[in-house]
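Chain nomenclature is as follows: A, B, C, D, E and F, assigned in order of appearance, with residue numbering initiated at 1 for each chain independently.
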Amino acid sequence: MVAETGLSVLLSPMILFFVLGAFAGMARSDLSVPEPIAKGMSLYLMAAIGLKGGIQVAEAGFSSAILLALAAGIALSLLLPVPAYAVLRKAGGLDRVNAAAVAAHYGSVSVVTFVTGSEILTSLAMPPAGYMVAVMAAMETPAIIVGLLLAGGALGSGARRSGTALWHETFLNGAVVLLVGSFVIGLIIGKDGAVPVLPFFETGFRGVLCLFLLDMGLVAARRLRETRSLTWRLVGLGVLLPLLQGGVGVLVGTAIGLDTGSAATLGILAASASYIAVPAVMRMSLPQADPGVSLGMALAVTFPFNVTVGIPACIALATRFAA
Amino acid sequence: MIANIVQRRRIEVLVDRPLVPLVIDAANRAGISGYSLLRVEGGAGRNGAWADEEISGAQAKQIFLAVASQEKTDRLVDHLSPLLDSHGLVLFVGTVDVVRGGRF
Amino acid sequence: MVAETGLSVLLSPMILFFVLGAFAGMARSDLSVPEPIAKGMSLYLMAAIGLKGGIQVAEAGFSSAILLALAAGIALSLLLPVPAYAVLRKAGGLDRVNAAAVAAHYGSVSVVTFVTGSEILTSLAMPPAGYMVAVMAAMETPAIIVGLLLAGGALGSGARRSGTALWHETFLNGAVVLLVGSFVIGLIIGKDGAVPVLPFFETGFRGVLCLFLLDMGLVAARRLRETRSLTWRLVGLGVLLPLLQGGVGVLVGTAIGLDTGSAATLGILAASASYIAVPAVMRMSLPQADPGVSLGMALAVTFPFNVTVGIPACIALATRFAA
Amino acid sequence: MVAETGLSVLLSPMILFFVLGAFAGMARSDLSVPEPIAKGMSLYLMAAIGLKGGIQVAEAGFSSAILLALAAGIALSLLLPVPAYAVLRKAGGLDRVNAAAVAAHYGSVSVVTFVTGSEILTSLAMPPAGYMVAVMAAMETPAIIVGLLLAGGALGSGARRSGTALWHETFLNGAVVLLVGSFVIGLIIGKDGAVPVLPFFETGFRGVLCLFLLDMGLVAARRLRETRSLTWRLVGLGVLLPLLQGGVGVLVGTAIGLDTGSAATLGILAASASYIAVPAVMRMSLPQADPGVSLGMALAVTFPFNVTVGIPACIALATRFAA
Amino acid sequence: MIANIVQRRRIEVLVDRPLVPLVIDAANRAGISGYSLLRVEGGAGRNGAWADEEISGAQAKQIFLAVASQEKTDRLVDHLSPLLDSHGLVLFVGTVDVVRGGRF
Amino acid sequence: MIANIVQRRRIEVLVDRPLVPLVIDAANRAGISGYSLLRVEGGAGRNGAWADEEISGAQAKQIFLAVASQEKTDRLVDHLSPLLDSHGLVLFVGTVDVVRGGRF
């Protein structure tokens, strides 16, 4: 089952485009996606999943499962950075500030990993519940606060701005606003109201995801090539952390009674590491942290690992738990 | 040149995008309210090469460019000096002639 | 009816995305749409409406209504700036140059307001006639010439370039060329010839409009926040002018015998203020005018007002006149 | 037949958008397509045709025709620059380096000319075989090597980089990687695997091509206007070379037994001149060559000529040969 | 430095996009035919802060950058001085060494 | 200014995008490892005007900007001088004050 899922995942057009991008990046091809196009595609993807999630919740109605899942997501985002921090300091040899920064990245989530996982789950006939989009949005930022607490004294230096500015960055971060905003719009308009705009957000969705993953492959490979900050230990942790966190996520999801697809998705969220919202906040609030370390691990190691191995593993685990 | 010309300092600060507000803040405190932000598409430094195709914008950079009097420039340099290493800023200051420069 | 139309408008996905953008802009979220993407979307929207308008005229055939509507549009664009100028000088306290510049903006039209109005009218089963796209294109620039005449002596300083350069900017302005060009292409190819390309221009249309309005919300809110040129009087005029001009437009449209949807659209065009074609020409021809005033009013006050209140008001008025 | 094909081609929306762009460029309108959008559209078009070609080959199965066509394409790309070089030196009055650079452009191919030709052929019910995408990719770069050999001694100056760097640029050029990569992905996933992503790559295809050709028209016209490097002789050769090379291509295609659509396409490829892959490599390897000459001819003369006259001519010739 | 080096003036004009043709025109009249236009992504001045995300491009800015002889620079400054306030231009001039600068 | 300030050269090379690796290479050989690449949106020179809307990126340009010591600058200028005409590069060098400039 794992192998089978894994193979069908690896041969899906999305993953193949990711592999193509990674190959081109490794081979130093001059293929590149213009930065505004990449940003435009990510806005499109976030608006689309927010909208679709909201519409699904409008259909399915609210349930206690939603609140449970939200609480579990927030708890994971708040708690996962703590063990991650310990491991990064001990096994990874990072100093306090860098370990805290990396831990915050891994407590938060990656939108594209979520989307890729959802597509794969849908193709396997176990789509996650619509509210998982809201869970993802809720998991984006709690880890940031824990990361800053872990960095502790280091906070001092950037302190002047960090009071309100941090609060602000955390809750009004562009990705969070767009995800939550589109989700709410989906809730308001419902399935019928969405008829005029759905063609746009559905027809193009998987194709845009292909091109976006092509770019992610390029970016991940280039970062791996250019980085001077990654050690082998850190690369190892970039594989270990998602496996551990993904396992915890699936476990928690199953324990609170989520359906298989949603439990797998909670695992995928826990396994994923942020490379959009968190890096910008960290650069502002923990400028002493080396972004080469955190982005190197999140983008160049964990993202490719999750897309190819981590997602199928979470799915397999959730399926086993469900059986 | 017929116009009244004065000498001013031309300050360039190379700064990561998320830290730009910090530099603007320091400039405002130094009394500098006019500035421009230039697009930087790539570069290299102690941390290797980068290009702004990065999906995460956290390492994209801008050049903060301001023309100001020596006095304001000194104040800005004072404010930014402690951050040069910790925040990875690069700062350099040239000299320019400004026409009708009274307002700078 | 007004209230009902108003509510259904306010709860359409397009307007909700505009509100989301405005909220994010007000709350200083770092959400932003890359500028090339915004420009790309506006090219798409203009090509699409030009094409569709041309195809509809090719279907419906030419009629004297078209010529009447064109003449009415041009007359409105030429005449509306005159009372607007008087009001802006007296009630708005603007000097000659700035009053003339603002009047030119309000005599011209806003493409996105037109598109939003057309979508709303279509959803209410009273779509405007296809030729209204041509009317819009015809209204883009006459107001510029009147604005420059109103500015009078001020013209002197920029005079060297303004002879041919102005003429040129006016008739070969990018928006005008694209709108008219796509309209003509639609006329030539007709419904059958458009079959291969229509999926692109139709499937995505409303979705792209959502994302574009998200950006408009961001831009309008940021401009309102950053502006130092707007006084409360000018904000008031930014609401009053579209109401007055919209009323005149609907009246004229009804008087020349347009169908309800088209009469409402003529009102919406008259009510709307340009923020693309006119600002660039004014910056070139009346550089002494403060763009903060005209863009502040057009983008940050009148556009949001029209999208939420002005359009439903024009529709309600046209419906009443028709009854 | 020629006239008829020609007319139906000239009245297709794609060509009309090209003409609109060319008109706007000639008339110095400020209409423009942002550069990242243009690049994004070209990535989309290349991914789409690669994918579709691969899927078609996966359907039709491999055949010796594919190998024959590939060999013919590579041979054309290698050999056509030689007579072109001679003509450019003699009739065009170019020096060695510039003649070699231009010859390399004409030995290589233009992706958009290929796409436009394929669309026209499809509308005439003689679509080229899916593998012609692979043939195009194979023809992109051999001409570069021949061009550099023709430039001969001139190679010396850039020699330090040119060994591996050139090899690299030639085979890992972004366009080649994306075309071949998407083709292989299409081969792997086949028709069934492509179901989720095809809507994106098909629905938008012709519409995107319209907007891309609008931009090509603008760019070609502006280059024609700004260029200081084109002489009338060179303009003449920009028309003559595609006619001659197109004829040879159709002949070879018919001779090796390709179907009419594919033979016409081989002619269109031979007739087209590169303006993406080759210029960048030439700038690097033959920096002494004036890009104004080669790009002026390829973009401002040959591209418009092919899109309006060359493609119908190749189709007519292939049809005659087939009869 | 082995090459023949000359001193030239490095002129920067911060200008709204729609007014760029005006500056180019003035440069041509001053005998300056070579220039580059740099992207400016945002800034602040007497009219508050701006960013080029504006949907209307009318307030987006570019830097007109030209290297020229003192004489041509003086002519350009003469042509532009009257426009500095009315058209909201910002102009400053530095000094640079140019290798093989004869043609500037 | 309290900080330790040194004078350095500010090098600008205007270069076609495909040739940027050549300049970076020359800079590395001259011992310059830090640089930034600025976006240029258009310009004019001996070959007429251009804008980076060109579909083919071969003529789009960047500014290679580096701050370095006089010695390294001299070496870079030596390396690039022979290419100025053949490769169409434009090179100019100014002087700037750098805070904590030891590393440049």
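Criterion: a contact is a pair of C-beta atoms (placed from the backbone, for glycine too) under 8 Å apart; a residue touches a chain by one contact, two chains touch by 3 or more.
Note that the structure is predicted; figures quoted are calculated from it, not measured.
Note on connectivity: the fewest steps through touching chains from subunit A to subunit F is 2. Listed here as common contacts of subunit A and subunit B: no chain.
By the document's definition of touch, subunit D and subunit F have no common neighbour.
With centres defined as mean CA coordinates, subunit E is found 34 Å away from subunit C. If each chain is reduced to the centroid of its CA atoms, subunit A and subunit C end up 40 Å from each other.
The distance from the centre of subunit A to the centre of subunit E, each centre being the mean of the chain's C-alpha atoms, comes to 45 Å. Annotation for subunit C: residues touching 2 or more other chains are 32-37, 39-40, 203-204, 280. Across the assembly, subunit F contributes residues 38-39, 94-95 that each touch 2 or more other chains. Taken pair by pair, the chains that touch are A-B, A-C, A-D, B-E, B-F, C-D, C-E, D-F, E-F. Subunit D makes touch with subunit F in their complex at residues 32-35, 38-39, 42, 157, 161, 165, 215-216, 218-219, 222-223, 226-229, 275-276, 279-284, 287-288, 290-292, 295, 299. The part of subunit F that touches subunit B in the complex is made up of residues 1-3, 8, 10, 24, 33-39, 62, 67, 94-101, 103. On the side of subunit C, the complex with subunit D involves touching residues 34-37, 39-40, 43-44, 47, 51, 168-169, 172-174, 177-178, 181-182, 185, 188-189, 193-194, 196-201, 203-204, 280. Of all residues in subunit A, only 11-14, 16-17, 20, 23-24, 27-37, 40, 119, 123, 203-208, 210-211, 214 touch subunit D in the complex they form. Within the complex formed with subunit A, the subunit B residues making contact are 16-19, 21-22, 25, 47-60, 83, 86-88.
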